[in-house]
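One chain, chain A, links the two complexes that follow: it is found with chain B in the first and with chain C in the second.
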Partner chain A sequence: MSVLPLLNWLQNTGWATALKESALVFPFIEGSHILALSFSVGMVMMLDLRLLRVSFRSQPVALMMEQLMPWTMSGFGIMLLTGFLLFATQAVKAWGNTFFRIKMILLILSGINALYYQLRYFPKMAEWDRAGTPLGVRAIAVLSLIFWIGVIACGRTMAYEL
Partner chain B sequence: MFQPLVEHFVQWCYYSKDYAFIRDSKYGIPIVQSLHLTGITLLLGTVVILNLRLLGLGFRRLPLPLLSEQLWPWMKRGLLLTVCAGILVFLPDPTRYAHSGPFRLKMVLLCLALLFQFTVFRKTVRADVESRLRNTLVASISLVLWFGVGWSGRAIAFFQ
Partner chain C sequence: MFEMSKNVTFQGTVVEYNWENPHTHIIVRVPESAGKETAGTWDIEGGAVNIMAKQGWTKTTFKPGDPITVVGHPMKDGSKGASLFYVILPGGKRLYHDIARPNADGSAPPPSQP
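Up next, the complex of A and B:
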């Protein structure tokens, strides 16, 4: 089954067309999508740097996560909402765009990476937090940085081919 | 007096062979734009954390002097990457930017943001004694200036 009819329907809905043709709302949504990077990926980077022990070494990971997470989550909420709206304005073209596809794959990999951290290392945090992060956690942090910078690069590059 | 100087600089950039490879290669501009955006994420990430803390909206369990001490180097690294990549975005295609209203606004706001960041803001996030009023005022100015730079940068793509 092809998703194309669905994408076609999406980009031809009244609100998607209106959004695409709007001289002010579209730039506002796109600008929000980009500037919310400071809340979403910016905060994730800070946690990754802590996991790699290059910053906030004196503070427990548990505390850093607790302080960062609410803002990270609201940041990703804005990203998801604005990202979906941007996608809806040119769903068919975006779907066929190589960099959009790589971006989606990197997002999924990033999600799996974070999920693995939550399942494997988060429950036992009390054991390793003060002692210094295990090698596995550092690998997760490096992968996270690579995936997210990749997401930014693909997101920026796909715009040149739309 | 100012205008001919800008024109001269723009022409020099455009005809310089040194940056032509960025303009002419397929992924030159996307790559420097991606680096610019990665730098912004790091720079604004640290700025947002410090400002949320100044406003009392978050990071309250982390002392301000610790936050500023740990975040300041990463703020500078983000800034360095953003500016270097930004120059590489500008040089290959200077006419597009030099004649753009939003770009000029962006440069003015950037100068103000930098000036504020390394004087009043720096002093405030390193202060031993916190004042609620001062923190709120400084955070508001900082957010308006930095996000003003961001929004005017985005506006280059949409407005003359």
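Up next, the complex of A and C:
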């Protein structure tokens, strides 16, 4: 079964068409998508750098995570919503775009990476937080940085391929 | 991407007029009789909806089947695409892409190349 009929339906819905043809709402959503990056990916990167002991070294990871998470999650929510709206305006084209596909794969990998951290290292954080981050955690932080830089690079590049 | 110093005139029929963000696209079919350089189906790329609207374009400026005379800067790689410079409407009025605004007195910008 092909997803193309579904994507075709999506981009031809009244709201997707209106968005595609709007003078101001479209750039507003584009801008919000980018602004939300600073609250989601920006915070994630700060946390990754903390795990690598590059930034905020005197701060416990647990404290940073607790305080950054609400920002990260709200930013991610806005990014997901605005990203979906932008996708909907040219769903078929985007679906066929190589960089869009790489971006989606990197997003999934990034999700798996974060999930693995939550399951494997988060429960035992008290054990390693002050002592120094385990090698596995550092590897996760490096992967997270690579995945997110890749997501942003692909997101930017796909616009030149559409 | 585009050979900006080169202007090519495409005379044909509108196949699709896609008034949309992030860029409008006009798909133009140019008949064989127009000659080797321009014959074929071309994707003429314009600006975003708000940019085009400021130049006087609307959703209904063209529709499929309309005759069209459009000047654009062709793709460097030779593929059948061009960056919109301006169109000449039936009355002789020109509608420009934002990056090629007419002069303040409404006259055409200096021609770069025939």
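Descriptive notes on the structure:
Throughout what follows, the second predicted complex is superposed on the first by the 162 of 162 C-alpha atoms of A that agree within 3 Å, B and C clash if a C-alpha of one lies under 4 Å from a C-alpha of the other, contacts with A are read in each partner's own complex, and residues count from 1 in each chain.
Everything that follows uses one rule, which is that a residue touches a chain if its C-beta (ideal position, glycine included) is under 8 Å from a C-beta of that chain, and two chains touch if they have at least 3 such contacts.
Given the structure is predicted, the values throughout are model-derived calculations rather than measurements.
Taken together in the superposed arrangement on chain A, chain B and chain C fit without clashing. In the superposed model, A:E127 makes contact with neither chain B nor chain C.
Taking chain B and chain C in turn and counting the residues of chain A each one touches, the greater count comes from B.
Legend: residue contacts after superposition of the two complexes on their common chain; A:P27 is shown touching both chain B and chain C. By the document's definition of touching, of the two partners only chain B reaches A:F39; chain C does not. In the superposition on chain A, A:T89 makes contact with chain C only, while chain B stays out of contact range. Of the two partner chains placed by the overlay, only chain B lies in contact with A:Q59; chain C stays clear of it. In the composite built from the two structures, the nearest CA pair linking chain B and chain C is 5 Å apart.
The intersection of chain A residues touching chain B with those touching chain C, taken from the two complexes, comprises 23, 27, 30. Those residues of chain A whose C-beta lies close enough to touch chain B in the complex are 23, 27, 30-31, 34-35, 37-39, 41-43, 45-46, 49, 55-56, 58-59, 63, 66-67, 70-71, 149, 152-153, 156-157, 160. Listed in rising order, the residues of chain B touching chain A in the complex are 27, 29-31, 33-34, 37-38, 40-42, 44-49, 52, 58-59, 61-62, 66, 70-71, 73-74, 147, 150-151, 154-155, 157-159. Across the complex, chain A meets chain C through its residues 19-24, 26-27, 30, 89-90, 159, 162. Interface of chain C with chain A (complex): residues 19-22, 48-50, 53, 59.
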